[in-house]
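As structure tokens, here come the structures.
Each of the next two complexes has subunit A plus one more chain, namely subunit B in the first and subunit C in the second.
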Partner chain A sequence: MKTLILRTASNYLLPLLLVFSVFILLRGHYLPGGGFVGGLIAAIAFVLHAFANGLDNTKGLLRFHPGFLMPVGLGLAFISGLAPVIGLDDPFMTGLWFPEPFPVIGSVGSALFFDIGVYLVVIGVTLTIIFTISESA
Partner chain B sequence: MLAAILLGFLFAIFLVFAGKFFRGKLAVLSALIPGGLFAYFASFIPQISSGEIISKTYQWVPAFGVDLSFKLDGLSLLFSLMITGIGFLVFAYTASYLRGHKYLDRFYGYLSLFMAAMLGLVLSDNLISLFVFWELTSISSFFLIGFNNTNPASRKSALTALGITGFGGFFLLAGALLLGSITGTYSISEMLSMKEAIAGSEYYILAVIFIFVAAFTKSAQFPFHFWLPGAMKAPTPVSTYLHSATMVKAGIYLLMRFTPVLGDQEFWNITLIIVGGITMVYSAIHALFRTDLKGVLAYSTISALGILVFLIGLGTKAAFLAAAVFIIVHALYKATLFLVTGIIDHQTGTRDVTKLGGLRKIMMPVAIAGILAAISSAGIPPSVGFLGKELTYEASMHAETFTIIIVIAIVLTKILLLWAGFVAGIKPFVGKLPDAHKDVKAPGFLMWAPAIILAVLGILFGIFPMLIESALVKPVVSSLGADASDYHLALWHGFNTVLLLSAITIAVGIFLYFFLKPSAKLESRIGKLEFISPKSITEKGTHYFSVFSAFWTNVFQNGYLRNYVTTIVLFLVVLVGYVMFGNPTVLIDYRQLSEVTAYELAVVIILIAGVFYTVFTKSRLAAVAAMGVVGLAICLIFVFYSAPDLAMTQFSIDTLTVILFVLVLYRLPKYLTLSDYKMRIRDGVLSVALGTVICLLALQVLAEPTNSEIGDFYAKNAYIMAQGKNVVNVILVDFRGTDTLMEIAVLSISAIGVFGLLKLRLKSTDRSQ
Partner chain C sequence: MTQQLILYPLLLQMLLAIILMFFWRKINAQRVISMLGSLVHLAVSIGVFAYIWNNGTQTVQAGNWEAPFGITFIADTFAATMVLLTSIAGLAVSIFSSGSVIGDRLRFGYFPIFHFLLLGLTGAFLTGDIFNLYVWFEIIIISSFVLITIGGEKAQLEGAVKYFTLNFLASMIFLTAIAVLYGLTGSLNMADLANKVAAVENRALVEITAILFLIGFGIKSALFPLYFWLPASYHTPPSAVSAIFGGLLTKVGVYALVRVFTLIFVDDVFLDQILLVLAIFTLFSGALGALVQNNIRKVFSYLIICHIGYMIIGLGMFTEVAIAGTIFYLVHDIVVKTNLFMISGLIYRIKGSNSMRALGGFYANYPKLSLLMFIPLFSLVGIPPLSGFWPKISLITASFESGSYWSLAAIIFASFITLVVIAKLWAEVFWKDATEIPERPKFRYYHKIRNIKKVQIIVPIVFLSLVSLYIGFGAEHIQTLSARIASELIDNQQYIDAVLNTQKSE
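Presenting the complex of A and B:
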């Protein structure tokens, strides 16, 4: 399925979609969105790229196996839950927040890091499954 | 205190990254960790012996009463010192024993993982966290037993040990939950004050049985004992550390910890006396029939654990004293004997006691350690073993019932244990050196020094019992709920019956040692009885169980996705249909349904068209695309009913699903009709039935009075408590964040599953192995 139009478009779409996925991830706390959808959109971006340019090119672009995102994301989510236990003797998963919201991002707290963890895991899982299946099909 | 426990875990994780630096000469440095912890715990001795109890609580899941709360009292202190002290020596010994091993770093990782888990276990004051650490010790023991993972026997033993101790772990969890529901708390210290309420509860017996099964499996009591001799497949440092000095005593620890809560009841005492009694005699007799040094030691360890269970069962102050002393005695002499055996094995390459002799000429320090340990194990004065034996006899002579039988059993056990100790500690060193071992080299300092230290301590504590009396022994007894402040440990108590029994034990034991030599003939004789041993019976049981599960799996997990879906759908239809039509008040309130708008109608028509196209099309790709249409139509319905989050997610999922299908289907051969008409009609009927049932269910849910309490709570508190305005997302990442954490873990597991199934296929050459 290597059409010129799709290939050219996908080169521009990949960064755009990735930025969009981060946008969706960040706005999740106030408006529809969040780590899960964001992760799926990012995964779609890569899958689209793979569709147009071939799997090997996308893999070259990624440089590492997407599966590595799973432990990274899980670790990030777990640590964001563990942080209050270690830092403040609060129960697991207590929300911690910076007092002032950051420009552009909004209020930053442990929940955001948790959501980033979800985002990474979803990308990792989706790409691992799709890459694996399409390689063996 | 949390840091002290976590240190081992952190070191294990650290080794994953920095392991290669610890494979060589630096390996011995890792002994600094248990060494430092030993010093840390030893610094608490003055406080604990003056009767203080140190506790520290970290909240974990406060909503369920699950905390990481740690309590250091006499009992915990004794175990902590044993874990870190023997750990220190074993870590150092390992550096020499496994020098140059390819996976030395991995071994240290497992060892420190175990050490941390074991410390957590003996320091936990919360039953649930105790359970977690309990399981961690089983798991690390599994890794360590199976360390020589190229050897099938090792792997099998590791699996057996994990199976048995894991089985007990379930019972511990059940017991914890039961006790939690009786008392309303998981804190062990709080349970102490509810002794009467627990004993009066109708679930008392059940709770005790659960705790017993957990303790008996872990501490290798009859009939669960057989995993321990198998566990001797592990490298000797592991046998020393886990399977004689510490982990197998976790069950003893559990029983002791619960003595003030559950003890002092007839059921508790009599069961422990019987099980402990059978175990100690049974396995002491078994030890006679072994020629492998580690086999002899394994059975004598089980027997010693039996003695401890038996003493806890006696439940008197004297028995608790005896148990506290005997734990120290046994840890010192048995660890020494294991270390000595390890040295012999390492230098000569054999552990067959019939082939060993005269090794004193080559390794004098080891011989001294072995002989001193044998003396302590035999209970010959002035060793600390003598103290332990005297106290044990004293306690058994004051048993309330069946005193004669109990005394005979314990004396018999001690005689046989004396024999076992002599065979392991003295026999390899005396007599003539066989020609085959003429060129054996002497072991290095790191190997014999730990053995000597432990053996000398065994004698030192005997001569100066005040060293351990108020520091270790009495605090343990007071943790068990008895007061022993008026008692003094001493070697000499005058001429009395106990002394006479001791003399008989030593005389008969030494006679037996000269009369009965271990031989292969004896070993084969006991082998004939193997078919009625608990081990063979359990193995048969597990064999039939696996045959049954293979049958069950073949019926239900037959590998055809369509059969799985059929089963699930059929089950759902029958169950939900039965409940709905069995209940006569099926009410559907049509008045509450809102008007159907034109665009909703349009979407539904598209949806139905999509479904029909999917079912009847001849092209696979077209079916997939039509499925995508169905999914998108549903997304639109979500949008109409103000669920944008759901719509976005569904949209992305649908896109990915279609892409996935296309990627796979692209390479499949042309569409084939594999199902006949009957199957198609059956599937059609089933699908329509499911749709109808779900539709009716949804309609009925609408008719129920709605309870919006939970929804209101989230809506109200999302911004106040979690600073977010998108309630759905706040629930996902904050209110129910732990659920999400589990869900993404499950996602990762499924991805690894897909990867494993498709990528890690065995080559046909590997498959035969």
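Presenting the complex of A and C:
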């Protein structure tokens, strides 16, 4: 599918979709959204780029193997769950929050880091699966 | 920090799996991390067990949401014992894997997935929430599906399809059962369910839900007539994988059955009768299946099914003595079955075959190894004072007391057939004259591998044999433990109180 229209559009769509995925990620605490959906949207951004420009170009864009995001994301989620245990001796996964909301982002707490972990894992898993399938096809 | 001690085995396994994923391509590093981590896990599990033994049931409300709204983790003596056994079997299989599983398989993430499997098992034992139990079961079957297919041989894939289809069906049924239960009571916390299910007036619906749970867990624990996936798949993956599957995967189904039928669905004569009948048929069909097999690993697979019957028969009788027998059998069986599959792996490494007809002359050629293998083989049969003997006393006493003579007959018949099967195996593999098995050109025979690998294969077998011997000779300790667990399970009020009366921590 090497059409000029798609290729030109994908260059603009990639950053746009990535920003949108972050928006969905941040929105997720009280509204529909969250790490899982956000991760899928981010993965779609890269898949669309791969469709338009070829797999090798997208891999060059990413610079590292997407599978690496899996342990990073899991580790982040794990640490966010463990933080209350280490810090305050509260039960595992107790939500810790900064008292004041940050501008633009909103309230920041351990749940956000958990969700970012989910986001990274979903990107890693989805891209690994899709890249592997399209390589062997 | 001790408040959350019971979570540490869980967190440690998760940490191990994550660390191992960072070393995806470096299999030597993975070997070391997995073995050391499993050793630490064993130490932590012993710590948890000792703490529970001295201080009684402990709970943690994850996320600090009070029960019954949050997810509860609870370690009573039963759960702590199962976690300890998981870590014992996990350590043995971790060492055995690094000695026996070939590098081509390890490169596809064998160790991370192995630790995810152990994470799922630990979680399933510790959780106090029935939906959370479902989630741990999913983690278990997804990891086990990867482990069973890793390597991608044709026979493996064929076994894996059967394994996955039926286990997936079991999960669906389990999920349906949870949905019905939630519709009936509006709760998922097991302690809360225990109270609410007892108050439901529509007993027929409760019984149907219980049957759904029975079918779901029955497929997973290979109960008659739902066991066909087990002998079709357990002989196909590497023996290290079979060892952890044979030792723990069916037992987590038994654990769930025991937990659900002592906590949520209690005092139901109809259900107890069904459990008894199923257990009797399981004993018969497993024993007869084992009798006609030629492949050693298939023999062991059928013996797993047969011996699941012992555990369920104790649950069906539902007296304190019978449940103690069930628990003792569970403890003995996890150690022995893990060991037996590792032994089948060792035999395969030495001779390149697992066929009883083709093998022979083991005792003449490897007298020391044969004596080592004698321990788990005859522990399984239960020749006194080895470990399989003691739980049967409790079970037989209980069946006399409750007057269920069919169970008595089934117990005795199945132990007799187990004896015949193991005696036949011993005669064929160890005493028969050695036969010429054609040498396989690319196979890595035992005498060709490096010494360190030999040690890694032998040490876990010795370790588990020692544990088996301890269970046999220190039967008094295990009996005390089983009796305590049985009394806790029968008197489920202390479990309920432990979950529902915990104060929110500051």
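Quick notes
The rule we apply is simple: the second predicted complex is superposed on the first by the 137 of 137 C-alpha atoms of A that agree within 3 Å, B and C clash if a C-alpha of one lies under 4 Å from a C-alpha of the other, contacts with A are read in each partner's own complex, and residues count from 1 in each chain.
By definition in this document, a residue touches a chain if its C-beta (ideal position, glycine included) is under 8 Å from a C-beta of that chain, and two chains touch if they have at least 3 such contacts.
Just so it is clear, the model here is predicted, and its values are computed rather than measured.
Of the two partner chains placed by the overlay, only subunit B lies in contact with A:Gly28; subunit C stays clear of it.
Put subunit B and subunit C next to each other and count what each touches on subunit A; the higher total goes to B.
By the touch criterion defined above, A:Phe92 lies against subunit B and subunit C together after alignment on the C-alpha atoms of chain A. Legend: residue contacts after superposition of the two complexes on their common chain; A:Gly67 is shown touching both subunit B and subunit C.
Contact with subunit C, but none with subunit B, is seen for A:Leu82 once the two complexes are overlaid on the shared chain. Shared contact residues of subunit A, touching subunit B in one structure and subunit C in the other: 67, 70-71, 74, 78, 85, 89-93, 95. Taken in their complex, subunit C has these residues touching subunit A: 1, 3-4, 7, 11, 14-15, 17-19, 21-22, 24, 60-64, 505.
Here subunit A touches subunit C in the complex through residues 67, 70-71, 74-75, 78, 82, 84-85, 89-95, going by the rule given at the top. Those residues of subunit A lying in contact with subunit B across their complex are 24, 28-37, 40-41, 43-44, 47, 51, 67, 70-71, 73-74, 77-78, 81, 85, 89-93, 95, 97, 107, 109, 111, 114-115, 117-118, 121-122, 124-126, 128-130, 132-137. Against subunit A, in their complex, subunit B makes its touches with residues 58-63, 644-645, 648-649, 652-653, 655-656, 659-660, 663-664, 666-668, 721-726, 728-730, 732-734, 737-738, 740-741, 744-745, 747-748, 750-752, 754-755, 758-759.
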